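What follows is a group of structures, each given as structure tokens.
One chain, chain A, links the two complexes that follow: it is found with chain B in the first and with chain C in the second.
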Partner chain A sequence: MSGVVGARRADARGWGPLLRGLLLRLAGAVFVLWAAATLTFFGLRLIPGDPAQALLGGPGSQASAEALAQVRAENGLDQPLILQYLAQLGRLATGDLGTSYAQKNSVLSIIGSQIGGTLLLAVLALAVAWLIALGLALWATRGGRIAAAVGSGLEIVAAAVPHFWLALVLVLIFSTTLRWLPAVSTSGPAGLVLPVLTLAIPLAGFLGQVIRESVLDALAAPFTLSARARGETENGIRWRHVLRHGALPGIALSGWAFGWLISGAVVVETVFARPGLGRTLLNAVQLRDVPLVVGVVLVVALGYVLVTVLTDGASRLADPRERAA
Partner chain B sequence: MPLRHRSSLLVLAAATTASALLLAGCTADGAGTSGGGSAPSTPVAGGTLTYATGFGEPTCLDPHVGGNMPQALLGTNVLESLFSQDAEGAIVPWLATGATPSADGLSWDVALRDDVSFTDGTPFDAAAVAANVAHMKDPATESSTAILALGKVTSVEVVDPTTARFVLTEPDSALLESLAQTWLAMESPAGLARGMEANCEDPIGTGPFVVDSWTKQDNVTLSRNDSYNSSPAGAAHEGPAYLSTIVWRFIPDPATRFAALQSGQVDVIDEMQPDNVVTAQDAAASGGQLGVLTGALPGASIRLELNSGYAPFDDERVRKAFIASADVNPGIESLFFGTVDRSYSVLSSSTPFGASFEDDYAIDTDRANQLLDEAGWTGRDSEGYRTKDGARLTVDFPISTNQSIPAEQSLFEQIQATTKDVGFDVELHPLDLSSWYASLAAWDFGVTSAIYTKNSPDVLRILYDSANIIPAPSGYHPNHSHVSIPELDALLTTAGETNDQAERADAYQKAQKILADGAYVLPLYDHLQKIGYSTRVQGLSLLPTLQLPYLADSWVQQ
Partner chain C sequence: MSVLPEGSVAAGWSGAAGSAGSSGPVGSAGSVAGRGSRRGRRLGLGVGQWVSLGFLLSLVLAAVWPGLLAPGDPLAIDPRAAFVPPGWGHPFGTDESGRDIYTRVVHGAAPSLVIGVAATAIGVGLALVLGMLAALAGRIVDFAVSRLLEVLFAFPGLLLALLVITVYGPGVVTSTVAVGLATAPGYARIIRSQTLSVAASPYIEAAVVLGKSRGRILARHILPNALVPVFVLVTLGVGQAIVWAAALSYLGLGAEPPAPEWGAMLFAGKNYVTSAWWMTFFPGLVIVLAAAATTVLGRALQKRGVR
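Here is the complex of A and B:
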């Protein structure tokens, strides 16, 4: 059905290039993880604040010299920073994320208990953002000049609103005034609605803008003309041809969106009092809980790498040109 | 022999008289406790109360470890102390029945109740008190607050099962006040023996509730202790609590916390913002479903500490010029909507022996200008700030965004604006908690605002004794103002050692006068505990010791 011009070449070169591509990708992923861990480690240690205090009940602790010396020695905090960094890197290389200074619990188990909530939030927000963006793009490209202007205006406003502001406005409308939805997270699905909307609406604004652009491009493309000439209905054109094109930049953007959603989760989880990685990260940074911060950042970076691979795969499915490459 | 000891003990003066009045006197709506309105007031047993705190989630529920406000808040309903305080701050018995000092003040015999057990069945006795003090003083416990409060205590001897003897290195008039704090609460020795990890998850006390479960970043669930028999003096009823369950939620954002209260998702919230207090009070006045309970946290008032150890505030004239130009009253009125009163005392209004010196804090810009001229800050740069030898009159002001609510941060901006009129360049630095403590530790500030909650005027010794300029090993030095005056040290030592109340009062009065005259501190207002509640909740009150919500008398109208 594709209107793409150009022959699809069979890959006759065997597994070599594929393997090389895979290795390159793996090396890239390792580099991303190393860079994330390194930047986080030094970033956290170069700003003011003493991680030893996280070990002793938080900032402003009046711990004794003995207690401080003991925790510094136990955790290698009395070593030069570069040695601490290498030691941490060595532990990370063996898959050991270490123990949280403040929570005295393994970083892996803390992340394990918090990651579910954040992933659920991110996946639902991404799905809802796609629904809103596609709906808006299809409507705005169909309804003439006014609909296009309104659609584009909505997208810009949605993309521009800060999470914390949107969260509070939604709470004011749906919890305080209408009393339809809970203001803070609950065990049931009702508590998810406002956090998901808070994350999804700005994202839908971004996605909508790029999708609408490429839908317009596709509508003007020759293959659309030929499809029309074949007698395809307007709906058929949109669903079978245009959407595929329109979705491509959106899919590419979804990899970026994942990282963006995690940073949004810091705000949303705090405002809606939801357990999750974002809130864990915020608390850990405030306490200078180095192992926990590095652990969360690594897990998020790993997620980012995986999502990028997935979005590449999805692009290939949607775009036959990439399958040949 | 227990009887002999008990008969020889001084039974504390306030012990019997204060009881019924205790929990009153800490409310803003004048009803004594919540739900004083039209609702029927027959207690209902059973039910769940959801409490949403903005103070944060402890990393460990055992308040011996570290020792901060979130731990004390939750601990108040699980753990109990040897002593309690009445609304005037006087010591009353709780798990102890009385206490008497030795003639030299170097030991205190504390008589204990013989009919109380911890919720794991371990009996509460002198051995338990000794085990608790040993636990708090053990460096491995990583205590910060309790170990400091027990600084003069060397150990506790078990005289007999109901008499614990506190052995001191020097007399300590604040000992019983220290022991009244939740950070020094009594926990089951068997519970402590489980080790830090288990005890942090589930500290075992004698209180009206026990910790059931803790879902991190979400809630702690408490359930009723059915064999509870140690209500504090002033409690509305004896015996087990009415509520069967308390869900203790952590909701960091003040706006959502209030929205959750308004929409009925939670029953009680703390750390209300001033505008929400007004909204709730307006709603209550028009027959709405919300109420507000307030109490001044004991200890120091919220105040600006001027760093007198370093330029420019090492010059008393510059400090006086700052205080004479920092016009805070209009800001307090407009930003706090009348929810707080201006304080002219370094001590909170709920702490005994506070002294106000309003005249020392009068606004007088002419005098401020004159003082700065005298101090040699005679130049003016292009932006209108005063200069001396080419250096600008800059005052760095690190602000803890964890401790200072938005209204307070706005007040600091107004101080920045009014002191600019006489040529001060106040630079506000909003910082997270770790960075803020780091800048304090480095003396890298001209002025700052720090909270210190303690149920005793002895907080003055912690904050202004020259010994506390020397930082703790962590870098923390409570004497942020860098006050070093031998006469003040002597007064604070006397006040801290004497058990003669008149002598104590006199010494504290003189000490506060020295602080006011030397312009080391600018008091702003009391640190208010602001509790919002749904009128479904009845019998809510604040336990006076630290002005923390006490829920054993509460019930929820179904």
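Here is the complex of A and C:
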């Protein structure tokens, strides 16, 4: 996305450049999506094997030549590649993601039925990660050297722990030993706790590192000195000035975090046997269900690009300097 | 699941986060420190860095000469000793066929490290070509490569790797290549900006004025200087690649049991998490420690580079 950033330089202040910047970002987002669809379309033509055969159940199905020819004609696979590509783009533009090989169902409806659980997981994890990270950052920058060392150590460990192992340790502690929470994610809120924590803790490690650094910067900045000179209380300074400054890189990182959470959901939903987009994607990869994999990946890319545009807008709202910059 | 966020974010943020790392005198509230650790010019390594180095060296030893640390056979089956919890005979316990987990973890160092190093080499190698091309081959190439990287960034985390595996089918080789490809955009972005800043520096100008040939300037001046931060990235990246490859194996898309690869061991123990936790706990612990150790060492290198 950085390439688009250069285009939003404007001298005027106020809302005009803000809107113009967002529009430019949106145009960039549309380009990225088009290119992503194009890359996947031509990339998938590298697959060894015949798409018509895959539609009929793979090489093991021993489909007859007539059946193959019929499937080819039905799906336009006998057309020149460029026409197939244009037809594919047309379908994508109208939201048609094709039909799953394995589930014989529209990819869009499969995604629609699975995306809710994953979004809930991701949003909750992001919120919990922000809480942990902000708390840790504020505590670690206030308590002197030992707190700083402990805070930074915790952040490194949290950020280094892979989901699959963290999930295992949490299950061992809270399900096997303490028997407080289920090891398999049921539909109730209790089943959400461990998956959310598994996703949130490593993310809190990343967010915490970034937020703590910028909180330290803010504490050393002239605006903090002047606030102190005006006689504001230490808490007032922290909540009104430092936190706002400290949250900025965290907001920028949240766009990236969205993609990272969806990717993490593949593992977490598998570990906790929780239905969702991540597990659907993994099943599709295992079955080499190309339309479903591509559909999920494109939808995630769409979401990722939109969230990036939104976080960009959010950080401009939080930081007046960005609006003019 | 990864040590670092996606490559680019990785180095960008860990650079920022690293400067207030644990080893330096981190400023208390109000002081102008926080950057103080960069000025803390300690020549020796801190305790954490020594421990990390020692752990990584023992992993390398395990990879090169596994028999020295674990004389047993990682594939030897002993049905009478199935599911033995950790204890004197079997420090990490045994699996469903009575294979000793400790022996398997030690023998798993070689495949796991090779996968991590190979994936990083693929990612960094591809990124070197892309990043250098973008930085040095003119504006049109730069525009094209930068847009390509933007598009690849739209497939976050494991998604790009999953896409590659869908096309070429699961397996060790595919998952290694997939992890390499998935990490390449992040590296490429960093190498591009590093090469740009090196190419604009006065000593390159001086070399041009001295009439050195382009190829010579590229090979003798730009390449070595642009590669310095790559060295740090590789240190940080190997740990990340090990974790990603293990995650893919854990999902059943990479190395397959009974191979003593750490991720495959996790996959094999997945169904016994509640009854035989040691089957997944210890291989996972080694992965976490390897990842943390490379992070700590990578950051130490990074700070020295900055100084």
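Following the convention adopted for this analysis, the second predicted complex is superposed on the first by the 239 of 325 C-alpha atoms of A that agree within 3 Å, B and C clash if a C-alpha of one lies under 4 Å from a C-alpha of the other, contacts with A are read in each partner's own complex, and residues count from 1 in each chain.
To be clear about the criterion, a residue touches a chain if its C-beta (ideal position, glycine included) is under 8 Å from a C-beta of that chain, and two chains touch if they have at least 3 such contacts.
What you are looking at is a predicted structure, and each value in this text was computed from that prediction instead of being measured.
Participant: With both complexes overlaid on chain A, does A:Ile82 touch chain B (first), chain C (second), both or neither?
Facilitator: neither
Participant: When the two structures are laid over each other on chain A, which of chain B and chain C touches more residues of chain A?
Facilitator: For chain A, the partner with the higher number of touched residues is C.
Participant: I'd like to know which partner A:Val161 touches here: chain B for first, chain C for second, both or neither.
Facilitator: Only chain C; A:Val161 stays clear of chain B.
Participant: After superposition on the shared chain, which partner residues are touched by A:Leu253: those of chain B (first), chain C (second), both, or neither?
Facilitator: second
Participant: Once chain A of both complexes is superposed, is A:Thr270 in touch with chain B (first), chain C (second), both, or neither?
Facilitator: A:Thr270 sits against chain B and chain C alike.
Participant: Could you say whether A:Arg288 touches chain B, chain C, both of them, or neither, answering first, second, both or neither?
Facilitator: both
Participant: Looking at A:Thr280 after the superposition, I want to know if it touches chain B, chain C, both of them or none. Which is it: first, second, both, neither?
Facilitator: first
Participant: Return first, second, both or neither, reflecting whether A:Leu216 touches chain B, chain C, both chains, or no partner chain.
Facilitator: After superposing on A, A:Leu216 lies in contact with chain C but is clear of chain B.
Participant: With both complexes superposed on chain A, which partner does A:Ser175 reach: first (chain B), second (chain C), both or neither?
Facilitator: So A:Ser175 meets both chain B and chain C here.
Participant: Per the contact definition in the header, classify A:Glu66: touching chain B only (first), chain C only (second), both, or neither.
Facilitator: first
Participant: Of all the chain A residues, which ones make contact with chain B and with chain C?
Facilitator: Looking at chain A, the two contact sets intersect at 47, 168, 171-172, 175-176, 183, 270, 285-286, 288.
Participant: Can you list the residues on chain C that touch chain A in the complex?
Facilitator: Against chain A, chain C makes touches at 1-6, 9, 13-14, 16-17, 19-22, 25-34, 143, 146-148, 150-151, 153-159, 162-163, 165-167, 169-170, 189, 239, 243, 246-247, 250-253, 266, 273-274, 277, 280-281, 284-285, 287-288, 291-292, 295-296.
Participant: Note which residues of chain A are touching chain B in the complex, please.
Facilitator: 47-50, 52-53, 55-70, 102-104, 110, 113-114, 167-168, 171-172, 175-176, 179, 182-186, 270-276, 279-280, 283, 285-288
Participant: Considering the complex alone, what residue numbers of chain B touch chain A?
Facilitator: 52, 57, 59-60, 65-68, 139-140, 142-145, 147-148, 196-197, 200, 215-218, 249-253, 255-257, 259-260, 262-266, 402, 432-439, 442, 472-476
Participant: Can you name the residues of chain A that touch chain C in the complex?
Facilitator: 1-3, 28, 31-33, 35-36, 39-40, 43-44, 46-47, 141-142, 144-145, 148-149, 152-153, 155-157, 159-165, 168-169, 171-172, 175-176, 183, 202, 206, 209-210, 212-214, 216-217, 219-220, 224, 249, 253, 256, 258-260, 262-264, 266-267, 270, 281-282, 284-286, 288, 290, 293-294, 297, 300-301, 304-305
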